[in-house]
Amino acid sequence: METFFAQLANGASTGALYGLLALALVFIFRATDVVNFAQGEMAMFSTYLGWSISRPLSLSWIPFLGVDRHLNLLTWRPEVFGLPLYLGSENDGLTRLGYLVVLVVTVAIAFVMGALIERLLIRPSEGKNLLNAVIVTLGIFAFLNSLANFRYGPVPQTYPAPFRGDAVDFGLFKMSQHSLFALVVAAVLMIAVYVFFQRTKLGLGVRAAALNPSASQLMGINTGRMLTLGWALAAAIGCVAGMLIAPALSGISPNLMFGILLYGFAAAVLGGLDSALGAVVGGIAVGVGQSMVVQYVGSQWSDIIAFGLIIAILMVRPTGLFGAPAVKKV
Amino acid sequence: MHQTAHYRDGVERFVPSPSEAVLLAALVLFCWKLYGGTENDAVAGLSSVVVVVVAWVVGVSLRAALNDMRWWLLLGFLVALIVPWLGANTFQVGVMSQVCVFALLIFGLNVVTGYTGQISLGHGALVGISAYIIAILSSNYGWNVFAAMTVGISVTTAFGFVLGIPALRLAGPYLAIATLAAALIFPPLLKLDTFEDYTGGIQGLHETRLSPPGPIESFLKEHAPSDAYQNDFQRRKFAEESYLYYISLAAGVVGLVTLWNLGRSRFGRAFVAVRDSEVAATSMGINVPLYKVTAFGISALYAGFAGAAFFLVIAFVAPESFDLVNLSINPLAYLVIGGLATTGGPVVGAFGYMWVPRVINKIATVSGDFDKLQGAMTGLLLIVVMTRLPQGVWGGVRRVNALSWQRLAGDSWAWAFQRSPLFWAGLALAAVVVVLIAQFIGTVWAVFALALLIVAPHDVWSGAGDVLRRLNPGWKRNASIQADVT
Amino acid sequence: MSRDRKPWYRTPWMAALFLAAFALPVLAVACGDDDDNTTTPTKAATTSAATTATGSATGSASASASATTDAKAQIDTIKGDTTGVTDKEVKIGSYVAKTGPASIYDDIEKGWNIYFDEVNKKGGIAGRQIKFIVDDDGYNPVNTVNVVKKLVEQDQVFTLFNGLGTPGGNAVLPYLKDAKVPSLFIASGDAKWGDQGSTIIGLQPDYVTEGTTLGKYMAQNYKGKKYGILFQNDDFGKEGRDGLKKGVGGALTLVDEETYEANAPDINAQATKLINAGAEVLGVFATPTQFAGALKYVKAQGKSVVWFSSAVTASSSTAKLAEGAMDGVFSAGYLPDPSDPDPIVQKVVQFFKDHGVANPNSFHLYSYMAAEHLERLLTVVGKNLNRESLIYALDNVAFQGDWKSTLLRQPSIVTKSDHKVIEYEWIQKWDEKAGKFQYPIGDIINSETTKR
Amino acid sequence: MTVAPAPALLQVRDVTITFGGLVALDSVSFDVGSGEIVGLIGPNGAGKTTMFNCVTRLYRPDRGSITFDGRDLLRVPAHRVAACGITRTFQNLALFPSLTVLDNVLVGQHHLLHADAVSSSLRLPTVVSEERAARAEACEIINYLDLDAYRNTYVRSLPYGVQKRVETARALVGRPRLLLLDEPAGGLNHEEVTRLGEQIRAIRDRFALTVLLVEHHMSLVMAISDHVAVLDFGRRIAVGTPAEVQRNPAVVEAYLGGQDEDGTHA
């Protein structure tokens, strides 16, 4: 029984990470109707930006100047109103406040990055064949992956975690503080996404712009701005996901996200591509499912059964567990 | 969304008007000679220019007389026949064989994703199933390769119908992920201990490559170009690669012709009808589920052939060979780049699939430290093509082609006069930079590039103009032309 | 849309930039070939000294036995295939994953490029500049086939060197044998490279040896306990597992063995299963990120288990990723880690730092060691360089026990029947406080003994 | 109610269909005699298009029967309906936008062609001749409906009115015996509506068709129909000749509520 609960907790911790990325995928799908293959790499890249901000060699966070490589003298510790912006050192990790500062700054950068990507790259292919936008996201995927490889190198780097104390003992199982934090953040984000789309006027506008651009244009909604907002917010959610995934998986590397992205897709589709609840539940289901297969069937079967089940579930519920059923119009 | 060139009798004509031929010939030669990197670049560059000029002149003069695709088909086929003698070495011949292999795969994807509109990310698994069945039968049970191929292709087709079943219930991204899951299941299945005795597990299966029958081999060895193939090993390789190339070419040509025929038959129309409106298609008497599954089945038939050809050319299968990105995602991306739901698009796509990474690798290597950026370059290329030529390269070429030539010439001048002096200054600056760079790196290829631009000014430039036009929506084409092409 | 409200990226300027951006790289490639011909070295002709380039290592070579000198004289008389060799240059090809999931290994290429740039600056070897052509295969065997055929048939390289990866190596093996192109010092731990004919030679100890080494140590020190194996579901993992089982013999009880796919984000579920099944000792053949994750996870769960890991994960960078959880972990090793305070190691580390590598890692050290082997071989062959003389020198002169790579513990030995260079491993233990490995623990184990 | 002298071509009996509790059609019965033009009218939401969808089997009625030429249509799957001799147009256009006009019309012949996948992909002589014949027939109808100028144009770039005609052509080329027209006058001006009326009659005569017509334009329906059936809230409230129907108090009642939506509705 102890094993069962340990695997359950372990699966849920991994699943929460899938769920976080799936949440970003769901967000972008609802907001722009695009399946975003670049989501993982966008998250990875913004996480790297966060990583370089949190490093003591501060100028290194200015992307692509490369000054840090040769001018290590330019180490500084910027202070704002006497509050050191960089809190902690390379080895002992960030303090919680420092983490928060880095998080806020990075999410802001990611927000802008998402908006720019939409404006510059996605916009020209919108309203055309759906596949075009998907191929553009594949292009962004390759671009960001290679850029990170070039800029930061392929070697994994440690990443600070906000909560790093002992694991919390629940009696039946133990869970690390970071995993709990990730679960909580996933739940909070899930509720936030739900409230955004269901209860706010802005969210309604974003949804309308995705569902029927021309009609919502007539209703006075600035569809272009809504799409940009959709991408920006999805990038921000992805960034939060990345900053939680990196410490959970022993550091960040350019290829950090590919595996997560595949399981994230699986999670998002399992839960239903238009459901925030589905994303998180789907993620945890995939994570727990994998753990259980490893424990009770055999690890060789882990992927086979996990993905096979997803196909099977989709055959029974074509729009996922929580997705709105497709309406056939005549 | 696709555009087809239609002539007066309403028959969809396959392929190229002169401009397309010139562009294609230039593209092919450019990549070819470029990557060849033979010692005498000057000769290569010059001969490319000559070929392009001849192709253009012939094309222009033939256009009126031979407004019939058969001539172009023949011409293309003849060029394809002498490919082993055009290539600088056997490696290039081998790559051309793989162009045929992946063309077959992309033909299949075109049926299911291009015509029928069902996104499939699982075709890598289909290629893998075919290749593995052939490998197992021929290396474990000593079957004749061609007999094994029959079985492999049939089984793959059957699997294609199975893969099509989700298409009956799933749509759009859900189907894409379901097929993706199928592709992800495949490699771990091969590695399972249960099947290891048959599949060779992680080590994969080797097969000696098919060598040409005696007379063919000696013929090819005798006629190998002597400057490129000096010793016996090279000549033997030449014979082997050429033989495999002709087999793949035969498969590729059959694939191309059948795809083209299918596209303009009631099946092609029904596939597009299913994609555009299922309800209307049903009312017109089309059994939508049947056609969806049929599309997957036909597509798997192509994938099965691709797997067979893959096995012949690569002669090695391992679970890692059938990874998601290389065999499922990239072919789809290059299909879209080539042009969805067209006949020529997949061919362009297959060329791109094999040659773009090599050309980009070359660029990256030349630029020294930036070899890690080749992924970024590929990504940029995908983005640029998709945003600037939303209907793919083939669609873009067709679009240019549909315009009348005189009008284009006139338009080009009008366009030129409408640009601001600033624009021309910028262009001149860019040109100066280009020339300067050419000065530093070498002139032969700069001359070649410039020659290309001078030889086909209207056509090539209007292609570029098409790009520029998108950047400058202020410039509108004559309305009547617009109606013609949209 | 009115013309005066164009977004900035639709202005003529951007159009011009766009055109330029296209024209430039195209021209750059286009002109690349001319470049190849113009870079012929100017210094090479003036220098004669192979000794200047080879440093201290050649010193011992000159003091070799008379039998070797005979063999050495023999080299100059052998005629053979000189593809890729001129008096001024020798073209050497390699394949490595620069992109994709295995791009981490790219540092190896960077490493030997630095090394041979330095050699070339000093005049090359036997008057020849070393020219590397390295292509990216993305760790996909199909790409490896293409890349190797390109190197052999188009670039006409003299030999392949340090090509990385077992799947790719397997895929091109028949082809290379057929083409009689040497493949030197293959960077793969597969056990097969030792006996694949005269032109194929592996560099590092194979994973079976590694597993056996670990297993023997387990058998000696943890007799009677329960153990589990966790391995990556590929050749590396499976061979490691086989070796481990062989080494352990029956001294410990095997609880279970678990695998994972290379793209799996973590392997915690597998670790949990093994530990909860009662395993007290774990043998792990994994890659650094997953291994570090598992270490952290098990530590956080408050479980205690003795870890044995492959040399693949035995590095200070893995320890950094594990954030303290790697303390006391045993691993196999044959090459020192950059964290090793040994002055020889630090000299090599400094060598890379001097050449712009901010944090030299174990891949850099590996590349240095591989490059030294190639340099040694080419130096021994000397002027009369062709494929036959190269193989002759490889089998008979270069690695006969009188030469040792700077970073290795034992001399490199190659015989005609055994084409595997490094044949020993030691057991090491990570000491978190000191920030370095304690090694060797126990004897250095030679694989010749473990094979039986 | 006049009974057709011969057994009616299309017999709709007690057709009932509900969508999640909402009764869209409630025991509707009517006949369409061979060679007639029958108008099906009613206020918005009365269930006219639903009736069409039941006849073409896109919907399956909960109860009732639909018989066409003595054949039970409810046993025929949707994609076979065209082969039975029933084709239709759609209220909001359901063309195939990425095909040309000619190809769109050729899709209408799908059920008349028999080439299989293998011979199609090899383009055997039988396929060539079959295609040639189909093309000739399609071109004839295209010419007949004055669409010649647009033959090779993609339908998505055509004006609405032309697209409506393309739909008619696509329906006609399938050699139907019963043609279902769903609001053919939508988007047309007064003059065009008059011409459309003439055209429908001409088509009926030329192709020996029976026409069932859903239309808001009262004047059009009254002018060309032989019989009219009136639906309101899913129930049939009247049936008869145009004159009879116009006098029917129930019809007047039904239309009073929706005054703004009838007749002039575009």
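Lettered A, B, C and D in written order, each chain numbered from 1.
We take it that contacts are C-beta pairs under 8 Å (C-beta built on N, C-alpha and C of every residue); 3 or more make two chains touch, one makes a residue touch a chain.
Treat the numbers as computed from the prediction; the structure is a model and nothing was measured.
Colleague: Closest chain to the protein CA centroid?
Modeller: When every chain is reduced to its C-alpha mean, the one closest to the whole-protein mean is B.
Colleague: Sort the other chains by how far their Cα centres are from that of subunit B and give me the top one.
Modeller: That would be chain D.
Colleague: As a quick test, compute the distance in whole Å between the mean CA positions of subunit C and subunit D.
Modeller: Result: the chain centres lie 73 Å from each other.
Colleague: Please compute the C-alpha centroid of subunit B, do the same for subunit C, then give the distance between them in whole Å.
Modeller: Result: the chain centres lie 36 Å from each other.
Colleague: Could you put a whole-Å number on the gap between the CA centroids of subunit A and subunit D?
Modeller: Those two chain centres are 51 Å apart.
Colleague: Please list all residues of subunit B that touch 2 or more other chains.
Modeller: Only 1, 188, 191, 279, 372, 374-375, 377, 470 qualify.
Colleague: Which positions in subunit A are in touch with at least two other chains?
Modeller: Counting only residues that touch two or more other chains, subunit A contributes 145-146, 149, 262, 300, 302-303, 330.
Colleague: Among the residues of subunit C, pick out those that touch two or more other chains and give their numbers.
Modeller: 9, 99-100, 103, 106, 233, 261 - these are the residues of subunit C that touch more than one other chain.
Colleague: Where on subunit D does subunit B make contact in their complex?
Modeller: Going by the criterion above, the answer is residues 56, 58, 77-83, 87-88, 90, 94-100, 102-103, 106-111, 113, 115, 117, 120-123, 127, 131, 135, 139, 151-154, 157, 170, 174.
Colleague: Where on subunit B does subunit D make contact in their complex?
Modeller: 1-4, 6, 10, 258-259, 261-262, 265-267, 269-270, 272-273, 275-277, 279-288, 294, 298, 341, 483, 486
Colleague: Subunit B touches which residues of subunit A in the complex?
Modeller: 29, 35, 121, 124-125, 128-132, 134-136, 138-147, 149-150, 262, 265-266, 269, 273, 300-304, 307-308, 310-311, 314-315, 318-320, 326, 328-330
Colleague: Can you name the residues of subunit C that touch subunit A in the complex?
Modeller: Touch residues, subunit C against subunit A: 7, 9, 99-101, 103-107, 233, 258-261, 263-266, 268-270, 272-273, 276-277, 288-290, 292-293, 296-297, 300-302, 317, 320-323, 356, 358, 361.
Colleague: Touching residues of subunit B toward subunit C in the complex: what are they?
Modeller: Its residues touching subunit C are 34, 36-39, 41, 88-92, 94-95, 98, 187-188, 191, 201-204, 206, 208, 233-234, 237, 314-316, 318, 320-321, 323, 325-326, 358-359, 361-363, 365-367, 371-372, 374-375, 377, 419-420, 422-423, 426-427, 429-430, 433-434, 437-438, 441-446, 448-449, 464, 467-468, 470-474.
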